[in-house]
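As written, the chains take the letters A, B, C and D, and residue 1 is the first residue of each chain.
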């Protein structure tokens, strides 16, 4: 358009980057028309460098940064996982799945193993408390919590060893899929997963703070060492263990660390399954959208064969991923259900203080919301995997072929979904079963509702 | 036939109307043979005008008035909705879906919004009552009631914004369907919906009057201001709110208005889902009947292609409608189940007075009946959508073609039904699940049956 | 073989009968080789007449008497029904469905109506007793019993009006089915149904006698008129009604008659559904056996077309029958389940006398057994309707054709079964659901088991 | 390779054995290349005899001993069965199913019948104890136990009569399957079943010893004849029976024998179903692996026809086996569920001694584990029978044929699985239903948890 007076060196560097960027997307149908035009060789000296620079910046930020790959989208989730001593895989910052490795002799692995052992010891102490001191509902719940965390950390260690292979499979499948055309489409998955992570972590933080507040309320009301408020808090935070071990400030702090990490690890479990579900569903959607655009037009047998192979790859990918994470999924769902039922059981009790009440209701709402959203996200894979059926309906009679018939029957016969250890498939129906179970349980409880008050018993 | 001596002007007017009426039905296979014959141009002066006039009157009344369209059939339902401050869509009187519009700045919308806010405020007061004053089963029920009404009014506002689009989609699909041949067929849908509306509204009115009677019984037995019977009634009608707000006669009246409108809105919810279900099912039936007439005869590939496209349109229409109303459907079912279970819970109690007893049993029967009929109507869509399978069975081997095979597989694979937020499909099986749930609940209750008496506690 | 010296006249009569008998089975592949041989025209005077006479007698008894038709097999069930004032259809003794008629002005109908009214009056008195005198579990059970009988008698009256049409449809479908080749096959259905009727009626009789014994025990222990033992018995037999009406010996006897008829009518309900189920399943089996014999051999498209049409007819027949009896089926199952649960509820109570104990356990076992067998019989229709799928598997590749493919898909897609008012299909799975429900209920009861003793309270 | 100086006679004997061994595997693709090479006739005197001898030994041990047949794999299970007086079939040591026979007049049958009668008598005494002495939960459990054993021994006698036919059918089906290529594959099934038998029997032994310990604890605490500890133990071991019969040492020993045999028979029930399930699943896997190897390559219609016939044979075999053992399967599952629920019911009670506690928890864990593994093994048949669908997906378009389409539809439509008396199919879903039932039951119990203590009541 207008002339440019910018620094040629910079300009060429920019062009080089554009070329690099374009090359890295060979075969993709890019519609950033303006950019294309300016880069043509016939007008090398006639464009406004400032404009293209700013455009480049935007493009680089929005588009270059986002290749739309799973590897890229799952990155923040994995970083958070490693902060909380889960998933000790190396190379999670890379754009390429080939860079991912697992090594036993790495700092991340040591960190994860150390925390795993600490979780195990804590769970062991609580089992000892249960069998020797007091077998009540609260202690069973605490034991379930730390037991779950222990199993979760083992599961994620297991998963970490298989993750590089899964990520490479995923990358290979993605490479063959029809490319994402718009920058918005490439951006969307990563943004979605970031949002999930953000919201869930925030809620988890709020819940943990509320939980601390109610512990503090108790520590203030019934102090053990009236002069040391922090020690008081740390003591009551981990009182079950300190029934067996002599309290020291160091152990108190360690207990708090274990407590914080376990809370977040427990929460992270759900985030991880959500993120993977969203990513898998988005890949199915990518293929479906591609097919939907072509469905009403003239299509060839080869086109549908290509689509069918892509669909098959996705199904296989879903199974590979499910083989890796189905134990985590089962843990996730059973845990959520257990704690929801446990909390509902206590919903009839009068709480000892306002901070307990707030903690209780926030915690219950968060649990319910998280379980609902988790169910919806994970069942969306199944929904998307069935959508081709609706797309095939649009194909005109002329282009209906045997290949399409085979494709249609395969889609109909398959159940593509994440599973809980292969025991149940996560489909839309699961949500209503889960809801039904909770409501039934609540109804039975309501029936035998006796007003109980749990006062402070210092 | 015989000669006519009538007024030529009138005659021509009549002919003009006949022509207009025929024109408005271009392409439809009308079998009113007599009329056809008389209107032919060759015999303009030779028919008995009185006869044709009376015939015309009947035809106009039965046939002209009824085009058999959904727009026409749903009209009375929408009028009632607007009386009770729901569905503020403009142009519901028109025969054409294009005339429907939604505008924020319209009297209907203001009215709906005002009532919505009042419902919200009422619900808020009851929540305050629950948390501050008394947390018992009756108050929870009242809260659920007003909470539901609040959500219902929001849902209908949402729906009102999408309604013009849905109605146009519906009209477009209807235009392509094989036309209804007989006047009786065209009349049937509108009559059916009118009957539903009439019966349900009457029952709702009776229930409300009985409910008022039992409130009056209470107000008479335990008067607050013995001299002002109406104030007494208005006070007890909304006593929860007047725990916080000073009672004035105006507020009492307003409370009664809110009370009446909410009762009818709650009831209207079910009527609306029933009407839409009946209308959708009737459209499937229309296509099925058309196919059934031809199934045993010689049919072409084009015929079945045409039918398949029509069927596909109906499936898409069902989905569009479901996207619009699935929240309302879920509310409808969960509400009914909740109140049925609540009422059954109280069925063991001895009622304080005969008017309470009557109100209780009428209300329970009405709820049960309404839920049953609602389930049956809404599942009839699914039933009708599966009927083509039975029709295909009749097609002789000679006319069996690939197109028919594809059609048959599509019908088999699809689940066409209204859903409760996509969580469950409304099929015939739902009825038995719902009944099973209620019976199980009742059985558990019977087991722990303790004779309770709820006396007046002034 | 050997020569005969018998009376030629008798011989010819016999031959005529043989011919008549053969003619009545035109096209059927009869394998009674000996008979065939002797009847040939070339050897008219050379067979031992005595032998053929005895053979004829056997053949006539086993084979001629049994055409294998439904009409014939259901006859004893209908006769019993009419004895107990149900199913007032005329012409049930005929071999031809065309002879069946229903008439309002017939003795059977008057008898059925009279009993229906008496059942209704009895039910009304018990409702009055419930609302005015005592609302306890036993009275509710009695009310359910007489209420059910009232509804059953209405349902059978309804059915009687539609029965002639159903029986004719059945006869028409049977006529087109491949004929039953062996006398044994023709006999089997009628024998099976007779056996069901016999066993169920005997058990019902035993149960009623045991029930009478326990009433007598009570009447003897707490006599009202110590001098009149029979009046005592008749009084206590219908004590609920005699709370309102003055006791007279006539009314006492009438009460006993009502009591007996209602017990048998209640039992007959199940017999009827069993008999119809067995008959329907046997017709499917007949077609399946015919197909199985041919499956591995060379078959033509026409052969399978013929079979498919026959199968289709059976499916339609099943639906017609179901439309007629589905209300009765639902009543049957819900009744059985209700009384089983009721009895289980009382299984924990200590019985007041040995005769009560015996009655209780016999009654419970009979109910359980009857429900199990009813479920199995009624689900056998569905089992048989799915068997063609297994038969098609045997067809060699060479004879696999499109017609067979269509047939196979139809069998797969259809659900052919009796239903409970279309709410649930009677398949094998129903049995396990029903058993599961009972066991769950029993488990919950066991949990809250409190030893209760129901002593005599004169 | 190198020369041999060994004894020619031995060498030839060895060669003869090799030849025999090879002959017995005509058509199988053996890949033991070294052996093949050495046996060729051109180099008869030039191989190291010692090496080949040792190789031969290994080969004979690993491979010759294992033909991979079911007959061979089930042998240890049947031997154990006969030790515990079940499955009195003769010829179980043979490699050929033809050698299996059942005879009434054989020692095994007499032994089985004798034990069956003793189980029956024991069950009878406990019923007498229940009705005459004390009707409590523990006695009902004992009765259920001995009643089940009685029915199990009848069921296995029934099965024994049909076993020769089943085994021959199995052998015939196996003969037509694609052969197992590697020695490892041939070995695997027998090893698997041995392992199951070993682990289950060991656990059962441990459980029985723990049970004896708790009986001893009781006998020591409350001695009947303080001077005779063994008599004391034997008395309390069978105290229910000795309530009716005078105690003698002989009867006490007989009681202990019955007790031991019944415990193991009860346990064996599960082992048997597991072994059969594993064997059936392995046969499906064998065919699937064979198909999977060829799926991506060029295949002919004949190839798939051959596979389809094999698959069909397996389905039929599965049905034949299921017809034989479905009663045992139902017993197995209902028994396990009953005892799990019973144990959970007692989980809240405080145990009277440490040995009781240990026994209780070991027993519960073992029961839960066994039921879980049984469910997984038996559902693996269904899983494997569905795997062909996934294999068909890999077939390239070029080799996709009508035969494959028919195969695919058959796999999709069929439900191949063991069943519980045809009432429910053992699929993966059963596991979650069973788990759900147990958890629901536990939840309801937790709700009404009352701390009970069952102290010694001498």
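The criterion applied here is as follows: a contact is a pair of C-beta atoms (placed from the backbone, for glycine too) under 8 Å apart; a residue touches a chain by one contact, two chains touch by 3 or more.
Just so we're clear, the structure is a prediction, and the values are computed from it rather than from any experiment.
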| item | value |
| --- | --- |
| Where subunit C and subunit D overlap in contact partners, by chain label | none |
| Superposing rotation of subunit A relative to subunit B, computed on C-alpha atoms, to nearest 5° | 90 |
| Whole-Å gap separating subunit B and subunit C, where each centre is the average of the chain's CA atoms | 42 |
| Distance between chain centroids, defined by C-alpha means - subunit B, subunit D (Å) | 59 |
| Per-residue overlap in subunit D, given as positions that touch at least 2 other chains | 409, 444, 448 |
| Contact set on subunit C toward subunit B in their complex | 137, 301, 305, 312, 315, 341, 345, 402-403, 406, 409-410, 413-414, 420, 422-424, 441, 444-445, 448 |
| Touching residues (chain side subunit D, partner subunit A) in the complex | 389, 393-394, 397, 400, 405, 408-409, 412, 428-429, 431-432, 435, 443-444, 446-448 |
